[in-house]
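Worksheet: one structure, shown below.
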């Protein structure tokens, strides 16, 4: 018995309207902060938002892939910190920027690879794995840095993050757009995206179609590591100091951006463009809070609340969808 | 190769004794009255914390906001003490705070079917932000007087701290509860095989909420015990503490996937983790080595628990996915 | 009839037994009257009536899908019947959930799923209904678990069963047979008087089967009534008092085991007329293109040889547990055999994974399409093209949506999949159409050899014949097919040759001319 096609049943229907709502929310927030602090509307302020989300945005893109498979990567914040510390310490001893960049990137890839190997080759779940590597990366970064803070990077390096195109558009915005375009392409129209969604729904079905799911998983966690390294470099260009507390708050922002963007924590359903808007929302919030003198802690607090609310709402919607029509045969 | 598992508790016990002795050999300072005293002082809250997290892990859940809950607990205790409350007032109040916060986590997780990892990840940040936003000075309290610290610094026989006695008593109580109550068995059941638990007449949702409430109580105790050893309170200093508790539990044989593990093991795990990190400090490693150590410990311990070594040995046909026998 | 001196242990207050003698055939312990149960699209049970006498071992016999499992689930409270009633000791029985069943004294022995692997035998035995004693003296306020009492009862129960089991052993360390004993013991902690054993010998060695039968006899002696579900006829003759044959959800015949022969049982199990709804094309059967020799795997597959010719439909028959699926998985790289070789066109091949098998033109369609065959929340198109993604995304890993659509349309039409379009979500399709998508997915890889595992399971009659037509067409086109089916008419109607398996061994091979339901069952049972 086929039912007539409705917007609901066309996959993506629900998600597209959700992203529209999200975009509306973004606009609303911009207006809200603008009213509270008119200076918010100035173009350079608005664009400034994108400078502060450069790191989060890039990591969130990779995180979208990971959460789509039903996994999670809690180690991104400290992975970034470790890459930054590696950069800092290499530069401090060699004053060789390209070398520092290479080693930093290698570090990120290695960390991601470690996660990927453990998750794809052993039965240890992504949660536990990245919980442990989170500690590991943090510890290693602290061991390397000791009590040092690395700074004094050359201007040529800082240009990575501080250049402005046409004197208005920060280069981070372009990074973000570029990465977003690539990730979005492969996610929505690429084989990789299809595989990841499949893994999130039913990994067995993919195995029985001859797809090497282990390889896909290894790839996305390694990719996440790479993104952490790139994000670290961008962060360093902006802050020009590598400290052992850089990574503390990043996790929450990344995960919130992804969940807010409509990617389901259970896997299978997701949206890179949703993450894009989610990241922008977080950037607007952060900039807005700064302008109205709310501290970083209030920001974290708000973010935590947003995440919980988003999770609860999505979970509740899922339950409603599941319970409609299907009567359970089982009493349990 | 499961034979190893039954020996594990003794194994850890042996390790502790070994570490202990290694210790004594390494440095004389440890074997002194002061050294032992501070060890018992430091390890008491960890013992309770390890038990708290173990209970949650038994049900197949996790709580990574336990650290920030401790922050609330310590703040409550301190603030009430400043207002003049004696210990038999501020302690129960602090316990209650733990129960409520943890219960909230459990409720959200169960009612909305959101995995506890994500709930507690978010709540962790909510807690932190709350300190900074709503508590004066982010909750930093100082110069707490004797009405606060007398219990924390008090001792018996000149060497055993009060709080150590409390922690041992609590540990003993819960070990007893887990072994001799229906509830204890049901906790393992829910984490071990949820469907079978339902068939056995156990309600998994209610059990999980109860466990979170109990965890909250234990966190309340742990937080209060820790707080009263110092004359100042800084809620955010507890952030991340749960990783130590989790590491302790896992080292003690608690299976991260839920369903098995012994609280006694968790207690030994707490001791061992403490001894390991103290040993490292004595050997010259800075204290942040413990982060890396915790990470490695968790990975190795989980790997050992999860991997089915017997399959390796037999090198049987590796079935990728197992359809029903036909 | 067993007449055995008995010590009264069971402690059931309801029906005290005559001390000294227990004989089968006195009262009726459980009465099932007119039970009917339907699920969407399929009628599982029609007007089923059975009675179970006290201390009787009553075998229930029938092919896969005859309704045995549904009946048991109704008795133990997992399902509710649409019609009919049950009576326990002449009192009406209305069970709302499995717990109630336990409380009323009815227990079912699962294989393993209701045990807690990391807990001890003792803990498993009493989970949820532990024995308690007051903490202090007679004070009922606080009570704690009474291990002594539980150990005593457990030892007594195991003693009754004639076994000694280490109560502190972790269940995960036990063998399958012992786990089963624990399940039985668990049922007895409830003082269960009715025990249902569902294919209990499926995973047991011969020696373990003997031990199980000893246990069953002991239980009988204590007045426990048992429903024994099995299609292993030899066992039924060994252990059962009466046997009931059910077929297609209906009660066919009940008879005392002593008065019945294996052939009669077989004929009752089969007894349906063969409608000729199986379109058999005029496929030319060519040379051997696929061969397997000596496939051995684990405890089940003990050395299977198999040959498949071009254009041939080879039926693989046998009862559940015979190893047909396991064999199929081993043949196409989804699992690794311990030994044995596979040849395609005479060339020896080794498949390290399923992808390699697919590259050589072999494809496997799983019997559980929801779990292994399809990604149910995704669209028809996405499912069909899933195995082809690599070739569809030659350009930088981006999927060519034109080609995707083309393939989707081609196969939707070819298999007459009824859906408004390729974007339709598979979850909303009927069982038959879902199965067609599963087949389409396999066909899209243009295979030469297809292994179909229960291709029409859970599919309505109309779609069934369509799928059969598709299979025949494939054979006409020169493809070779191995078809696993528990539906005898289907196997007989469609196959050019049939291999019958039992317990991981090839019991026989029948050519089309020799095919009959009786012949197949005789080999399979």
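By written order: A, B and C. Residues from 1 in each chain.
In this text, contacts are C-beta pairs under 8 Å (C-beta built on N, C-alpha and C of every residue); 3 or more make two chains touch, one makes a residue touch a chain.
Every value quoted in this text rests on a predicted model; they were computed, and no experiment measured them.
At the far end from chain B, in terms of centres built from Cα atoms, lies C.
Here A-B and B-C were compared by C-beta pairs in contact; the pair with more is A-B. Chain geometry summary: the mean Cα position of chain B and that of chain C are 44 Å apart. One simple way to say how far apart two chains are is to compare their mean CA positions; for chain A and chain B this gives 30 Å. For chain A, residues that reach two or more other chains under the stated contact definition are 204, 207-208, 332.
Touching of two or more other chains is recorded for residues 195, 199, 320-321 of chain B.
Looking at chain C, one finds that residues 98, 334, 354, 366, 371-372 touch two or more other chains.
Chain contact summary for the complex, chain C toward chain A: residues 39, 77-79, 96-98, 334, 353-355, 357-358, 364, 366, 371-379, 382, 386-387, 389-390, 392-393, 397-399, 401, 418-421, 423-425, 428-430, 433, 441.
Listed in rising order, the residues of chain B touching chain C in the complex are 2, 5-6, 179-182, 185-186, 188-189, 192-193, 195-197, 199-202, 255, 259-260, 316-321, 323-326.
Residues of chain A touching chain B in their complex: 72, 74, 118, 122-125, 127-129, 131-140, 142-143, 146, 204, 207-208, 244, 249, 251-252, 255-256, 259, 265, 295-305, 307-308, 311-312, 315-316, 318-319, 332. Contact residues of chain C toward chain B in the complex are 98-99, 113-119, 123, 127-130, 132, 144-145, 170, 172-173, 202, 297-298, 300, 320-326, 329-330, 334-338, 354, 366-368, 371-372, 453-454, 484, 486. Residues 1-5, 9-11, 185-186, 189-192, 194-195, 197-198, 201-202, 204-212, 268-269, 329-332 of chain A are the ones that touch chain C when the two sit in their complex.
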